[in-house]
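Two complexes follow with subunit A in common, the first pairing it with subunit B and the second with subunit C.
So, the complex of A and B:
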């Protein structure tokens, strides 16, 4: 950059830094807008009248020509679909409750199994600890497809196929929450536990009264991360639930045809709301949870 | 010591039982089955493995999955680091980070329709490209069919990046924040420019994070199947036919013998990869 006459080097330097900062902010903001665009489209689309939406999407049908043109503000806004969906569509409610039930059971089960296990890995030395932990980490990293057949075999043997347990039980014993919670239990100083032991506290007391309260943040992180994961389950219900009335919302939505695009968008938004609420309230925990998994322990 | 062992196992027990029952024992069974014929359950040596390795769908799917990881991981990690550095250097606030993380919270099923609208041949992306060309004074008609040509692969990469960028940025940021400010300051006092400070002081300290970030991003790469399956179905364009599609289709067609062998092969490759990476990383 050329120095303007009458400006000293320091002022030029300052201006350059300002411009750089401005450019960085613009780039970051543009990226943020781009990433949030699909959600905005959903929200606006969900209140666009059925006919208007259909007209808009006409070019996508085999007979159509021209291009789909997106307009943010609908000419004929229509909020009645929300009322319809929430109060007059019992089938939708069945699926919504399926999602709630599956997610709730998985999260509860994960807490019961994973929290004590993480405590054991973080605070005790025991026979085979290193090998077992390695197995847990590997299981956490294997994609569903690799363990799909083995899960199927076991679920089939116990007769869990085509019940919600087929989706819930394997997810309960997913090792990812163990890993996350392990990280947060590790941060508790050993001296604290030793001191409590000196005072005669039992191991159960240490876990219940010191471990759990101090790792509360980590526990919430695991809950938030896993909620988002469970609310979005596709592969497992697709493989293990043939009966459509057992399906969670995440499988049902894509089946709504293009001619009911407006309805599909409304249903999508209703599905989205719980996830957005958890995201909104749990953002901090989400960030903590992600960074906890990433930093070297 | 023995008492401690016992306490630890009491805590571990519920989880360990579940893991054994739902993951380890059945996987052992899958390994056993991979050496048996599907129907008669007779021992057939490596026949299933041979069948898998001569299966064109398997070869195509492995190639695509490898190609996908080869492209999307460097793009995601690089872009994530770039954004994290900008955020760390210029925006102390967390506003943007939340916006980047938002796609993570969006269930795949809810954006299927948006994806279809954007990437259809008569879709919004082509319309925007046309408008942009017109703005530059050129009259082009864009009729790229994103879902039914090789472009499908790039749609997949884009949707992976859309979903995971915030995750990666958060991971990089955690690494960046752990670099002591005094070190950067000291380098600056010694006359290093901001670029030098980054490459000489900050970046070497981020390398340990690289392992976990790579592994976690790789793990999430497999979940891109959700968008791919929901938008394009069981048999998408062959450029985005991945191992996940193949496993799903074999499962639907009950080709359990091939599935067993393929699960062992894929699992074996991945475990080897993870262990190798870990070895490398512990040497650092």
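So, the complex of A and C:
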């Protein structure tokens, strides 16, 4: 790029940086808008009237032809679906509280099981440590479909099928939070722990007073990530829960047919709220935890 | 604390959200429950069904009388109307007399026409009957003729059958005599023995002839040796002397030789010369043929053979040697072994080892050889002795040959011929052919007899059938009968007209009563049916009511009920039930004397009780849709809210229906299954419902 007459090199350089930054902002903004489109569609669709929604989605039905033409702004906004969902649909709340219960139990269980396990992997040397950790990593990488049958047989043998424990217990002992927390605990300097030991601190003291506070970010990031995963569980409840009254909220939306697409969008918006709140709660920890997990110990 | 400060807002938001959702949960449940239809239920029961049937009807007369007259007569006046009381003999209506006269005249004309037609038909019927009798008589005559002719034909056929059977029997009795298989076998065996014996004799002659030839040669050789010795010792003089001294011996030998030739003995030269080319000898050659010397001729001159000699008959070794043939050593001189040069050097050609006869074993046997005879020192006595022995053997052979030739000639003179049964077999076959011909003739005669019988039977049947057809009663001539019936009816009608004329056209009541219907009017013709109907006041009244088709099952003949007529009630039973054209029924009750008035309406009440049914529900819970009945039952199902109650529309079959309950077909409801009795809102199929407290609890 040739500099304009009358401008010195520093000004040109400054202008060039601004232009680069502006282009980057534009590209990123375009990508952000693109990624937010489904959410926007969800929000607008949730207040679109039934007839309008049916008219737009008619091409998707066997009776229609052509392509769906989505209009963002509804002609007659209708908020009655929110009222209907929140004040006249107890089924939704049954599943909502099922999801809360399942997610809460899973997260609590993971904190109890995964934090000590990760501390042990990070801070102690024991026989077959590397092999055991390799097994953990392999289990983390295995998709659910691979272990579904074995899980089903074990749960059936223990009599947990068709109970919430069928979903909770396998998730409690998931290896993914162990892997995340392992990296967080590795960031604690060994010299610090040695100094505490020299001052007379026991192993429990080290864990409670030094390990947990210093790995707080990683723990909360694991909680947030696992919350999002547990809130959206579909395969496990579908495989292990036959009784509909035990289902989580993630299975409610597929039960709504195309003729009630507007209602489904409304339910989706409400379902999205807890995830947004938890994400807002743990955003900082999530960033810290991920960065810690990416740091080589 | 620092954590709480930094995350206070978010924690508060999350908590607030959860509280909000909890409040919404409570509100939504209450709203949902409020919107659900609330129901009460009942269970099916086992019980009987009751129904009260009310039938409306009216009182009517118990007995009515119809007054009628001949149709189509013009009415002059009508004296009564509906509801009028009439007495016995009261005039009901009057006919027009002029029209009645016309009807009478017309009726008389009709009667005369019918009478003429009947007379004509009867005359024609008489002629037809006479013709039928004649035809029947002729057919009977034909029948008798057929019977006689058939009998004759049967007799003739029977006679022919008897003759044929007799011929056959006679022929079968005359069976030709034939030799059985055993006799034939014996005849053939005897003939074969004779032929075999001839062969053996012939072979014997042949061997003896050879022996004689050999013996003759020995004599000649011995004689030659003696002559040579003499010639050698004495020269020609001595030879002449010896020749003169020997004649007696020579003469003694020559006559035998000549005799042998005369008796048919074959000379060695002739035999050896022809032995190679001679064909097998004939068995039946005449005795002199072999002795005539023609045996040495060529085979072409040999007499024709009647039986070929067996090939094994030629070698002399296979045949037993006759005991008297002491010179059998001459067998080695058979044609096969004798070289053709035997004539030029016979002594050298005979090896002395081949002779096994006693003469061969004599020590001086080497003397006949030419070499030895010329040896010096051989005494004359030895040579002469050898000569004498040779002459003796020749003579013995000649005698044996003569004896064998005699036996052969004697055998050939028997002249047996081969047995022949051809003529006998031909005669037997001819007899069998003739027997078969006669058997067929007898069989044909039998068939002809059967045919004659059947033909006779058939002819008689046909004739009989014709006779039967002729005497068959003919179909009635309906025209005549109908005319007669018509005439009878017209006379009755005529009688009715006469009676009306005598009554001057007045129609009267036969007894007291009330006129209920009048079907005549002045100026119009009388109807086919009743002209005037009136009821008998003395008879009991009846209550007539109509039973709808759907209520027929509650009312039948004899059903007890309560009849309500005004302010009076009466327990009575249905006496008569009659189906109507529209599917309903007419039920009639008899009323006691003095109860009810004609035309009065009333109600007959029947209380009906059914049998016990296992599944009965209130009748108002059974709904009907397009002719099908259904009820709503409560079904429990698992849903998101747990166990929920759902109204299920179930089609049922109502087997009986009472006033308050209906009986459903078995299996419509399971044990303990509840039927929705009432609801706060309209219920639809598969709608979620909940209980409410029943009214009055």
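In this section, the second predicted complex is superposed on the first by the 259 of 297 C-alpha atoms of A that agree within 3 Å, B and C clash if a C-alpha of one lies under 4 Å from a C-alpha of the other, contacts with A are read in each partner's own complex, and residues count from 1 in each chain.
Basically, contacts are C-beta pairs under 8 Å (C-beta built on N, C-alpha and C of every residue); 3 or more make two chains touch, one makes a residue touch a chain.
The model shown is predicted, which means the values in this text are computed figures rather than measured ones.
**Student:** Based on the shared subunit A superposition, would you classify subunit B and subunit C as clashing or fitting together?
**Tutor:** Result for subunit B and subunit C: fit.
**Student:** First (subunit B), second (subunit C), both or neither: which does A:178 touch?
**Tutor:** first
**Student:** Regarding the shared-chain residue A:278, is it in contact with subunit B (first), subunit C (second), both, or neither?
**Tutor:** A:278: touches subunit B and subunit C.
**Student:** Students often get this wrong, so check: with C-alpha centres, what angle lies at subunit A between subunit B and subunit C, to the nearest 10 degrees?
**Tutor:** 60
**Student:** Go through the superposed model and pick first if A:21 touches only subunit B, second if only subunit C, both, or neither.
**Tutor:** first
**Student:** Just subunit B (first), just subunit C (second), both, or neither: which does A:97 touch?
**Tutor:** After superposing on A, A:97 lies in contact with subunit C but is clear of subunit B.
**Student:** Is A:126 touching anything from subunit B or subunit C once the two structures are fitted on A? First, second, both or neither.
**Tutor:** Touch partner of A:126: subunit B, not subunit C.
**Student:** Contacts for A:228 in the overlay, against subunit B (first) and subunit C (second): which applies, first, second, both or neither?
**Tutor:** First partner only.
**Student:** Tell me the contact category for A:243 with respect to subunit B and subunit C: first, second, both or neither.
**Tutor:** The answer is second: A:243 touches subunit C but not subunit B.
**Student:** For A:214, select first, second, both or neither according to whether it touches subunit B, subunit C, the two together, or no partner.
**Tutor:** neither
**Student:** Identify which of subunit B and subunit C touches the larger number of residues of subunit A.
**Tutor:** When the residues of subunit A touched by each partner are counted, B comes out ahead.
**Student:** Report for A:86: first if it touches subunit B alone, second if subunit C alone, otherwise both or neither.
**Tutor:** second
**Student:** If you've got the overlay open, could you tell me the nearest Cα approach between subunit B and subunit C in whole angstrom?
**Tutor:** 16 Å.
**Student:** Counting contacts the way the document defines them, which residues of subunit A are shared by the two interfaces, the one with subunit B and the one with subunit C?
**Tutor:** In subunit A, positions 252, 278 sit in both the subunit B and subunit C interfaces.
**Student:** What part of subunit A is in contact with subunit B in the complex they form?
**Tutor:** 20-21, 24-25, 27-29, 31-33, 35-36, 38-39, 41-42, 45, 57, 59-60, 64-70, 112-114, 116-117, 119-121, 124-127, 129, 132, 135-154, 169-170, 172-173, 175, 178, 203, 207, 228, 231-232, 234-235, 238-239, 249-254, 256, 258, 261, 264-265, 268-269, 271-272, 275-276, 278-279, 283, 286-287, 290-291, 293-296
**Student:** What residues on subunit C touch subunit A, complex-wise?
**Tutor:** Going by the criterion above, the answer is residues 3, 7, 10-11, 13-14, 17-18, 21, 24-25, 27-29, 31-32, 35, 638-642.
**Student:** Can you name the residues of subunit B that touch subunit A in the complex?
**Tutor:** Its residues touching subunit A are 4-5, 7-9, 11-12, 14-16, 18-19, 21-27, 29-30, 83, 86-87, 89-91, 94-118, 120, 122-124, 126-127, 130, 162, 165-167, 170-171, 173-175, 178, 208-209, 212-213, 215-216, 218-219, 222-223, 225-226, 229-231, 243-244, 247-248, 251, 256, 259-260, 263, 266-267, 270-271, 274.
**Student:** Name, in rising order, each residue of subunit A that touches subunit C in their complex.
**Tutor:** For this pair, the touching residues of subunit A are 86-97, 100, 216, 243-245, 247, 252, 273-274, 277-278, 280-281.
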